[in-house]
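When the chains are written out, they are named A, B, C, D and E in that same order, and each has its own residue count from 1.
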Amino acid sequence: MSEQRNLVEVKDLLVKFPIADGGRRSFIRPVDHVSFAIKPGEVLALVGESGSGKSTIGKALVRIVEPSEGTIHVNDQDVTHIKRRELVAYRRYVQMVFQDPFGSLNPTRTIEQHLTFPLKKHGERGTNVSTSVDELLERVGLTPVAETRVKFPHELSGGQRQRVAIARALAVNPKFLVADEPISMLDVSIRAGILKLMNQLREDFNLAFLYITHDLASARYFGNRIMVLYGGKVMETANSDELIRHPMHPYTRLLLAATPGSGIRGALPETSNKAPNLVEGRKGCPFSDRCPLVTDICREQDPPIVQVSETHTTACHHV
Amino acid sequence: STSTSAASPVSHAKRSVQSSTPLEVVPSPNGNFQDNFNPFSANANYGTQGIIYQPLFYFDNVSGHTFPLLGTTYSWSNGNKTLTVNIRKGVKWSDGKAFTANDVVFTFNMLKHYPAADTNGDWTMLASVKADGLYKVVFQFKSTNVPFATYILGSAIVPQHIWSKMGDPTKVANTNPVGTGPYTLESFSTQDYKYLANNHYWGGIPPVKTVDFPAYSGNDSADMALAKGNIDWSGSFIPNVQSLFVNHDTQHNHYFFPPGNIVMMYTNLKDPLLSQLPVRQAMSLAINRAQLAQEGEYGYTKAADALGLVLPNNAAWIDPTLKSKLNPAYNPAKAIQILEKAGYKKNAQGIFAKNGKALSFTLQVPAGWTDWDTDCQLITNDLQKVGIHVTVNEEQTGAYNNNLSQPKKDYQLALSWTNPGPTPYFLYENLLASKGNYNVEQLNSPAVNAALQSYSKTTNLAQQKQAIYKVENYMATQLPSIPLFYGPIWYEYRTTNYTGFPTQANPWINPAPWTNFAQGIVLMHLHPAK
Amino acid sequence: MIVETQVVSVPTKKKAKRMNNTAAAFLHNPKAMTGLVIFLIFVLVAIFAPLIAPYDPQSTQFAPLQSPSAAHWFGTTNTGQDIFSQFIWGTQTSMIVGVGAAVVSTLVAFLVGVYGGLRGGVADSILNSLSNIFLVMPGLALLILIESYIKNTTPLLNGLIIALTGWAWGARVFRSAAMSIANRDFIVAARLSGAGSLRIMFAEILPNMTSLIASNLIYACLGAIMAEAGLAYLGFENVASNSWGTILFWAQNGGAMMGGAWWWFVPPGVAIAIVGTSLALMNYAIDQITNPRLRVQKRKKARVAGRA
Amino acid sequence: MRYFLNRLGFLIVSIWAALTLNFILPRLMPGNPAEIMLAKFQGRMPPQALHAFELQFGFSNKPMITQYFNYLGSMLTGHWGLSYTYYPTSVQTIISGSLPWTLGLLGIVWVIAVTFGTFTGIFIAWRRGGFLDSVTPIITMFFQSIPQFWLALVLVYSLSFSMNLFPMAHGYGNSVTMGWNFPFVSSVVYHAILPAVVIFLGSVSGWIVGMRNNMMMTLGEDYIVFAEAKGVPTRRLIFNYAARNAMLPQITSIAIALSTIIGGQILIEQVFSYPGIGFQLTSAVSGEDYPLIQGMFLIIAVTTLLINFVVDMIYGRLDPRVRRRGATS
Amino acid sequence: MSDRKPVLEIEDLSVAYQTANGLVNAVNDVNLKVYPEEIVGLVGESGSGKSTMAYAIMRLLKGDAFVTKGHIKVMGEDLYALSPKELRKFRWNKISMVFQSAMSALNPVMTVQTQIVDTLTSHRPEMSKAEAIKRAGELLDVVRIDRKHLNSYPHELSGGMRQRVVIAIAIALSPGFVIMDEPTTALDVVVQRSILDQIREIQQVEKFAVLFISHDFSLVAELASQVAIMYAGRIVELTKSGTLRLGERHHPYTEGLLRAIPHLTADEVVIEGIPGTPPNLVNLPSGCAFYPRCPLATDECRKARPNLYQTDNAIIECHLFKGDREVQHV
């Protein structure tokens, strides 16, 4: 796997959003110089707390939000700022599955309609379309197909809807899927099914994933590697097992401590509910406000990314 | 030189009884009032000209009578280029100062100095105005124009001691008017204003102590108030006046709608088709005027005569030889004959045409003048029957006026009014003289011009009549425009509180309360009902 | 490859479409049905006006000011026109104006609101300010201002003007709805699968706004009928045209009220009130249907109790 | 503060828009003001005087852009020109004479309608499903659907003309003198009753139904259930918790309510010969008095905009979320 | 279990919603006891009737929901027998509740202080304003929020802080029993954890009993001493939380849930979902509600509703446990 070329290569990605702040226009940076690469068939799990910029990275990848700086290469093509036709073509390569299975399907359209549009849009015609719809539904386990096709989203359960959403993403035969917390709104009993389905898709089609989650356990289960994000910056990246067993960054440790079932238990810092400051112009490590190890340097300087091992990097002054 | 003594068949009644019941007057529906009692403003409140300010003479166009007000007599000399007026003695301004010839001279010189205030255009004819002592004023004309004296003598006179300090008379609201008339302003508000009797009025003590002018927004609210007996004297239009007004109190509620002017169908004589007499004749014959008067005008008026006279007001001026032609004929069959004789043939649409030109016209009418709208509808139908096609164009009043009054007239047919005066001359001059103010049809007839010219040069009634006869003949035969019906003067009155209003039996003066100068005269003739 | 998950079909009584559920709820709502039936009666009258109206509405062939009789159900005017015929033709005009203006203004509102809400940014700011301005401008005053320059309008032109000045409220509603829908993931998903803006507006968003659109149509229709009547009554409409407003104009002009000719001014006024109420009823019902919280439950059992 | 500036900005922009609209409209129409003015005299004016009038009204042939800035300048400095119908009275004099009447009547009725509507809405929402809840909206909807001028005419005819219960016209009796004296004030109140009733009937329904619906929505909110659970007394629950929140969306719709009321009032003042702006506006329109029409429209627009601004400010006070968030309208 | 009088006693409780499609049986014949100072977890999938039960206990069911059957006693008092006035007094003094979503449980237009003070003064009219404010400050101390936030509006607080405020309001009158309906689901893991720690801390000080509702197994397992597992409106198992792991004897549904969660630290991660979807509550399956999804279902499961069986650590409603002692109540 490691010999393969990267399918997705993100370098120094930066996304800015304007915010209204006391009348002046200023910006927040939910994604602040993030770099990573994903190989075909690989799953990169992106964990981090709410508002840390996970979805924004995912959306930048499928080009729903416009990257402000940095580059995104997919299949060696620079897709950072492509427009129109190129973009449409690009989106046959990458697709996205969303968190909320209720919101990601149009309540007024049938399952069939949800699937036929992308199929047609990407060139399929006539009876092909119908067979393709059947195939897709079968592939995601929505049988009996004939019954499912004519249903409206509200007639399906959350898990079934999420399957439809995956089927829709698959309709264009992508090589890369951004899965933005696809199971977090689902019931425990159904989550496993979706995770297994995605696992299978990875194996069957060598599909690569950016798997966004805030649940370390599922990240470890599904992800080959885990990337921990805080305040728009990458804190730590490592192979899944490695990260869980040998967390280096204080934030990763905090996360693990908060996750039931982890060996690490420790007092959570008092300030643990303070949201990271994303406003452009802030200095130092974004975690410095909450970090138990914080020193002056943390507040002043961006920590450098330290290569701990071949597959393990972390960004902390104290490692 | 001839001296004309102003004849006044009805003199000011001198009476000492004064009733304190206010007289409620609604000249016409109105928006809110504004505090403006400037006699030189076209928008001054009702009564400014006549109840407060007065001219030297008032020339009535309904009765043809002349009422001497601040003047007593006038005479012409110097080849009818000099007009000498004797001023009434013993007149006081309502602030107690005496009125003299100097006030008259001042007023005219002020108009000369501020042409914008000279809305009668007095100085287009005047060369100079001079006082000859305290009670005589001499007007010098640039050229002879006897009838023009009506305008000059009819101009309101203001006190020198006040207006000399006012500055530009067009820019003042004159909220505290001081005049010579029978009343002074008592109070003003936007919804009503009141006049109070001027007990030092030269004509005697006014019989009505307070005259109240309330504002009514529309016909309906004014009509309701009228029906309810809240209004004594009104000049507003009422549909079904008999049932809606008179029947509420047959003993006291009265109305009388004397003809005020003539509503014409103007034909643009610059139009190649309309300039042809047969076309105009056919149109005139095809229109059922009686129906217009009955349906369009609620039967409140009559079909107009063919000569362009306002009858019976102008009855004294009818050319005896034209008596038979007085009533315009309604004869569609003959209209068709005339057109056929003139070489017109009906085309596929059933419209008469010659040389490929069909008799198809647009007829302009001001939007929202509902009675005229109905009239136009009827005219369209009438003309359609004889093969003349008319499309009605309802125009906004501004545009409509524009189209008719601009040097380049932009219309084919138009329904419009005429501007009459104490004698037919004024209407004719306006309508037919090449330079007439309302020569909408654009007639340019040397014969008519000459006849009118000869009228204006003389003070001799017989000569004037001869001139008028000529024009009457021209009207009857050439149809420069097509008279349809008389425009009525709306006038309702109630005799519960006061009597003495002009009546149908004795229409001695224009009875509408909105008639400037006449209303002051009428007020002096009222007396409290027993 | 096939993931073993059996689909337990969620029991639905019939394979009714979702839309039909709302429609069905509408049809089962007594207020809505009353409104709809009344409105449809007027629509039918409007459609079949030429067949229903016994006489030429403008013809002055009858005796003036007759009170209602078998020959003249609503009597005659002071110029001898048959008021019933005028009323029927007026129904047609007023319904065309109402429905037409409703459609036009809703369309404008939809385009402005949804486009702005979807697009965001400068375009949205401009469109939003524009609709806010139109929203706070006093409607009738604006109409009168416009009418003062273009007098003598036909009812249809008036309808158009009413529509073009009256879309702001709808645009505002549509915009906020579009904004909340635009943030929903299915719009993003549609875009990802290649849908363009137009498709998103009309195929993805529009069906999700049917109740808003319906309620806007109703609201606009009511507003247009009333505004047209007001304008006509003030005389800002070709008086030769035939609408409820012009009947009132002529009635007022002809002193109907004072002359006791109630048959002349009562029918148009009452008709407007009835049509208006029918529309308001439908609107009220739509609110209740689409917003479950507004629904009042008719409980068969006591709220607390429940001791079986 | 930010919210305030934002709203102020909107106020200024909309006033500018109203001004510009006011400038553009007459210039889009055929004919120029001079000709329209002359038309007022319906041919009674000798041509000799025409030029005089052109001078008086200051008709200009300057370039559009110059005219525009002159216009903006004079509008802002309160020089709204001279009325055609009431020349030489200035437009602002006329308006200042009628504005108090309109604002007075409108303000009082509006306050009554809002208060009554709000309380009724609260009440019927609290007793949802009750008799009043099912009947009140329908009755008020019916009244709202009646053309107001028509209702006004019917009432004037029946109550005033036939039954003598109320005056038929005007803002006060002609026999009283204006001022703060009892006869005048009572006469004003007496004259305002019928117009007020009509405006009230025409506008109250929206408030009732709107408040009811908002109340119902609010009553379903978690914080109401929570407050009820934690034992907040019913009265406080209804007014401080539910009604206060339910009123917020109502306040934003004040704009529409206000312009509806103004619209209705224009027609109604006409019927009652009420000496307000609406009556003045309609007569200005029939008189084609363009400076006056423009001034009227402007004052109506600006008044509405100002009231909206005030309402926005109140809204900001009532809803703490807004102050921060800035304008979301 | 304990001889003390339970703070909560639910007997055969059934709750239904009246809908257009028929009666939704959200809670069916539920029995449950909670003893003083005890934390009991209530776990179940979305829609299994957890919140409905909580509302029923609080007598807060609204509109179309009503208790069809059974009794609820809180501290020996039948809430449904109280007059509205008594009810208002009883609630919050004796039993309070933390709502599912803190954002919507706080009135957006009132400051934190007002909302806390309202709670206090509504029940203690004798309390002065100043006293109430002082107490409000103390309560914020308890949930570790800076007192300066007394004058904040809810939207000015973070999600975690809001939830703490709601908790503060819930314990304002020191009730003996607090229902917590998924108090942390909407929050971040770290925040969630710190709030849970706090709840535990406060609970240890104030000694109230808690019914803790959640759908997160591992969370509840750490917090509660006992866990009730709810499926389709029934409590299918009541178990000691320490035994919630694979390998112990559990209801097939519980086992399915345990298998469905990937474990953070386990060496080998295999997960298995429960096939199918929860049943329609309008017409429940005749026998065991779980049988359509149960891998071990027999014909009997389809026909008859199972009885309750007491195992070493749990009470389980399942035919598979026939060998164990049958009990009547949880």
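Everything below uses one rule, namely that a contact is a pair of C-beta atoms (placed from the backbone, for glycine too) under 8 Å apart; a residue touches a chain by one contact, two chains touch by 3 or more.
Being a predicted model, the structure only gives us computed values, none of them experimental.
Enquirer: Using the contact definition stated above, find the chains touching both chain B and chain D.
Expert: Output, common partners of chain B and chain D: C.
Enquirer: Please work out which of C-D and A-E is bridged by more C-beta pairs in contact, and write that pair.
Expert: C-D
Enquirer: Taking each chain's centre as the mean of its CA atoms, which one is most distant from chain E?
Expert: B
Enquirer: Can you compute the centre-to-centre distance for chain C and chain D, using the mean CA position of each chain? Integer Å is fine.
Expert: Comparing mean C-alpha positions, chain D is 23 Å from chain C.
Enquirer: Let me have the rounded angstrom distance from the C-alpha centre of chain A over to the C-alpha centre of chain E, please.
Expert: About 32 Å, centre to centre.
Enquirer: Calculate how many whole Å lie between the centre of chain B and the centre of chain C, each centre taken as the average of the chain's C-alpha atoms.
Expert: 50
Enquirer: Between chain A and chain B, what's the gap in Å when you average each chain's C-alpha atoms?
Expert: 89
Enquirer: So which stretches of chain C touch two or more other chains?
Expert: 4-6, 10, 149-150, 235, 252, 257-258, 297
Enquirer: If a residue has to touch 2 or more other chains to count, which residues of chain B qualify?
Expert: Those would be 218, 220, 224, 227, 368, 396.
Enquirer: Among the residues of chain D, which ones contact at least 2 other chains?
Expert: 153, 157, 161, 220, 270, 282, 284, 286, 288
Enquirer: Considering only the defined contacts, which chain E positions touch chain A in the complex?
Expert: The contact residues of chain E facing chain A are 45-46, 144, 158, 160-161, 188-194, 197, 215-219, 221-222, 256-257, 259-265, 269, 271-275, 277-278.
Enquirer: Chain C touches which residues of chain B in the complex?
Expert: Interface residues on the chain B side: 218-220, 223-224, 227, 238-240, 243-244, 295, 298, 367-368, 370, 373-374, 377, 392, 394-396.
Enquirer: Which residues of chain A touch chain C once you look at their complex with the stated criterion?
Expert: Residues in contact with chain C: 59, 62, 64, 88, 91, 95-96, 98-100, 103-109, 117-118, 121-122, 138-144, 147-148, 150, 152, 154-157, 159-160, 163, 165, 168-169, 171-172, 193, 196-197, 200, 204.
Enquirer: Where on chain D is chain B touching in the complex?
Expert: Touching chain B from chain D are residues 30-31, 35-36, 38-49, 51-53, 55-56, 83-89, 93-94, 97-98, 153, 156-157, 160-161, 168-172, 174, 177-178, 269-273, 275, 279-280, 282-284, 286-288.
Enquirer: State the interface residues of chain D toward chain C in the complex, per the touch definition above.
Expert: Within the complex, chain D touches chain C at residues 10, 13-14, 17-18, 22, 25-26, 28-29, 128-129, 133, 137-138, 141-142, 144-147, 149-151, 153-154, 157, 161, 205, 209, 213, 216-217, 220, 255-256, 258-260, 262-264, 266-267, 270, 281-282, 284-286, 288, 290, 293-294, 296-297, 300-301, 304-305, 308, 329.
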